[in-house]
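Structures incoming, each one as structure tokens.
Here chain A shows up in two complexes: once beside chain B, once beside chain C.
Moving on, here comes the complex of A and B:
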């Protein structure tokens, strides 16, 4: 076969993927970095204002609130999803009927759309007809009843159980496959050395899957920056911006007032923040491994 | 005598050892089962509540419905134009899936089998894109769609869904094809089959298992997506299921049976798919998450 035909096939084969990918993933990011320097309403002249949009973002208390809420989401994932999934993975490591059933049950929310998940939990938290307050009533714990989603002080925390609920299954499967990849010799060696129970867990099992835990941490961070649907459905960022995340902040400040330049600047900030978060977590976890 | 006394003393303690272990196991399993049931409860609650009347929904939230209101479903289907939304979701998901599979398989064949300049760069280009949070592209994509007048068309959803599915698809498929021995295609080349022929008649069928993984992942993403639909689609006749359910819930807020029936209809396809291809769904979604 001649090289010219191969070369043509290589180009033809890669072109469609590269084009679609570049046009709808890469170009938008570059564009938003560019538009971020302008004051632009979508129609008419775009006015160059340098770092004006970024200065406004940094002065906006809602931005800081959103960033804080994103950090709360990351922490809820790191200290909620990861430990629960790890414990479950260690306990579900065999494959009998009950274990298979539990695994399927725990993973099930992963295939649901965030819209449905958000709406179900809205009903659970509903102050009058919600099953949570109904349950507290039935148990005689009236004083524990709260305005789960409309009290600005607790709304963001009410959003973390649905978040954890919907993603534990993912981490469970990731950890289970990591545990299965630990070679049998290592378990034998640990047994000969007399390492069992907690001691084995901390000095053998966890170090063996540390790489996977690192991946899980990155997933928690990028997952938290991806949570838009759930919050938009359940609270739309309210009450009074109490549950605003970076993504809802971007959506609300772009599409309610058609400030495309400002919204682009927020988009760019989200990209930078997420790279910063992921970089930091990589640095922290790899340092701990070496130390 | 002495020894038998020792044995007698040891025996019971050995026995308690076993029963402590047994108890611990039992507690563990009870805990696990409760956890599993709690996990399933919100879904179970959705299904039973979808069959209830409003009065029952409010007064007996935990009980099974007294009379199963099937008409909640027929009313939901008719009054919210769910048929249209369902069709829109099917069109958008299926077209973007077909597009993703074809162009990703083609690119993967090239990346797995041919040597050429910039190959490393192209791989890196796809990896870098996977670090980009999807929502940060909403605003610029909206501007782009507006400028090329794709807003309120199926393409406004199909193209971004495909674009965001590509990196994972290409990684899964390239890894799979690299592990397949080259003998079969080499025999085909010798028989005079062209590159396209080998791709269509040999590589595509060979990569079926990997294509299945990619299909599940990409289908679930586009079927469940809300944010792109929210931003790019405002015409009622083009709304996909998640978007139209969210709008529907706003409109019929106090008709609970109706809203819950609509939600149930929208989750049935994904849950059915999950129950049928469980292992593959788990594998696919994990691969997608870890790589993406």
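Moving on, here comes the complex of A and C:
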């Protein structure tokens, strides 16, 4: 009787958030998958074209370029944000003045809006008055000066430092709280067994927070697959699609070209690709833990 | 007992959250009674602090004050936001009652979607108003012989703003032929002055302010209109490729500063204001920005001209690309008292008095009235006089389908980075043909 009441209460408690989730996340995803089968300008009649939009996506060089750029973003995040945040978390785990200052400094970009970050970095990279080219000049490295955001070959890579910089703080906080959750007696036990330094790090500390690292990786992958704002502010996906991401391409197709059906098909592809990436990373990390 | 209380609270909270969500989308449902107050939703893009925006907001306020029986629900959005928002509500068939919209492509799409109602009847009841617009001013708002709005301003999209002091300093003549333009570019480059500042991050800038005029000079207007309808002309025709090459040639001559695809329109005007650039090319709308932001010594030396003629071109050299400006669209759903109120407001905004207020706020109009030269800024007087002897030719983004416009915009970025004109022309052709179903 009592368990039934508790269970009923749990269901009642979850229901509102579940409803909201279904209404604002699940239903739109299904709807947009449905719109993906139509040739629709947003106004007037929608024409059913079956898999036409998806076939066009497969043949569309811009889509593949956007996917490649997204993969670059995912890799930069996974191999940039997570390891840097982990190293910083281990180094800044104590609490003296300097470490407290560094922690706030690293976390600061997290509280800035993407628009501000985009504007700051846009001026850092500015071709005429940018501080980066100015610094290179001052250091006598004129030959290293580049058109950071307008050279199509390097623009996407120029976008990765702001991306990493702006999110390291988030993972730093996550890792630090995980580190602080390791019970003190485990450290004591390790010390008694004579594990110190690197040995303790790899045999005790990292395995203890492995679950958190896994979560961080998933956050990181899904976050960078749907990244949009930074690129939209800094380059709008240009020049000539050079920095197009799946999300900016979806936005541009829907709201600049007014091809709602095609845009919906792209967003459905994003969902599928995200599931694929996250599934793979889950499988990889859990396999490593078991093996 | 305690549990039941908790459950009750949860339910009440979730109910209020859901109710809150429902409420925000319900603004369209308001139906004014016939005798009592009439409600109108109005969307506009006069959000800035420039003279035009202030003047238009003033008209709205005055209208509200003198019509106590009409309740205006006014919402201002920045231009890009308004365009996107209109398309979004159009998809849901929830247009506001009266809204700022653009001529040609947008008007046509809304009419075809059955979202607008014509204003012919009202327009014909005031012939002295209707007949006072400049020639062809109503064309962009006419679909199948019916008129859906009137322009509230005139938006030529391509002028060369130049700094006479820099031209004098290096002994350069203000270009009157294409060769003189190229010579000027060479001289400025040799002296480390940016010949033409350009900010093409929002990729419509080159298309709207430079290429539309170049293309019209080379191909002539008739060719474009045929190519748009895919009726006897294609974007792969040699004359269009020639136009692309003229633009690419400018880029190769280093007419624009490095990295122009990564800075925006404001940063472009910044370069000019700092005296680093001798010219920039922008629409008539840049004048207000320039007057507000340029230092006095630059502003005093600034003059305005149009792109020089291109030899062998088929277009009228005394023309520049542009569109008649925005007009107020009237939702098809309006009837009776609400329709009358909407027409009255439309007349207040775009009738003779609205046009005069617009002109007085240093914005060109498509309506025949005299400018009070004593009151206006000298640069605006210059612009107004220049427009009296200059014809308007079509801007690409007002004529092509939205999908093709995106392809043109991206294609021009690619072109200026060394892309192949033939390949780009082919992409534009495919997009336009695909969009109109040919």
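Here is the rule we use: the second predicted complex is superposed on the first by the 268 of 291 C-alpha atoms of A that agree within 3 Å, B and C clash if a C-alpha of one lies under 4 Å from a C-alpha of the other, contacts with A are read in each partner's own complex, and residues count from 1 in each chain.
Everything below uses one rule, namely that contacts are C-beta pairs under 8 Å (C-beta built on N, C-alpha and C of every residue); 3 or more make two chains touch, one makes a residue touch a chain.
Since this is a predicted model, take the numbers as computed values, not measurements.
Judged by the touch definition given at the top, the superposed model places A:200 against neither chain B nor chain C. Shared-chain residue A:125: touches chain C; no touch with chain B. In the superposed pair of complexes, A:18 makes contact with chain B only, with no contact to chain C.
Contact comparison for chain A: of chain B and chain C, B touches the greater number of residues.
In the superposed model, A:187 makes contact with neither chain B nor chain C. In the overlay built on the shared chain, the residue A:240 is in contact with chain C alone; chain B does not reach it.
By the touch criterion stated above, A:42 is placed in contact with chain B and with chain C alike. Applying the stated contact rule after C-alpha superposition, one finds that A:9 touches each of chain B and chain C.
Once the two complexes are overlaid on the shared chain, A:255 sits against chain B and chain C alike. Residues common to the contacts of chain A with chain B and with chain C across the two structures: 5, 9, 13, 16, 20, 42, 255, 260.
Chain contact summary for the complex, chain C toward chain A: residues 3, 6-7, 10-11, 13-14, 17-18, 84, 87-88, 90-91, 109-110, 112-115, 200-203, 257-263, 267, 271, 276, 402-403, 405-406, 410-411, 413-414, 417, 419. Those residues of chain A whose C-beta lies close enough to touch chain B in the complex are 1, 5-7, 9-10, 13-14, 16-18, 20-21, 23-29, 31-32, 35, 42, 88, 91-92, 98, 101-102, 104-116, 119-121, 123-124, 129, 131, 134-135, 165, 168, 170, 173-174, 177, 215, 219, 222, 225-226, 228-229, 232-233, 247, 250-251, 254-255, 260, 263-264, 266-268, 270-271, 274-275, 278.
Taken together, the chain A residues at the contact with chain C in this complex read 5, 9, 12-13, 15-16, 19-20, 41-44, 122, 125-128, 147-150, 152, 155, 235-236, 238-241, 252, 255-260. Residues 28-29, 32-33, 35-37, 39-40, 42-43, 45-46, 49, 57-58, 61-62, 103-104, 106-107, 109-111, 114, 116, 122, 125-126, 129, 131-144, 146, 159-160, 162-164, 166-167, 170, 189, 195-196, 199, 220, 223-227, 230-231, 241-243, 245-246, 249, 256, 259-260, 263, 266-267, 270-271, 273-274, 278, 281-282, 285-286, 289-290 of chain B are the ones touching chain A in the complex.
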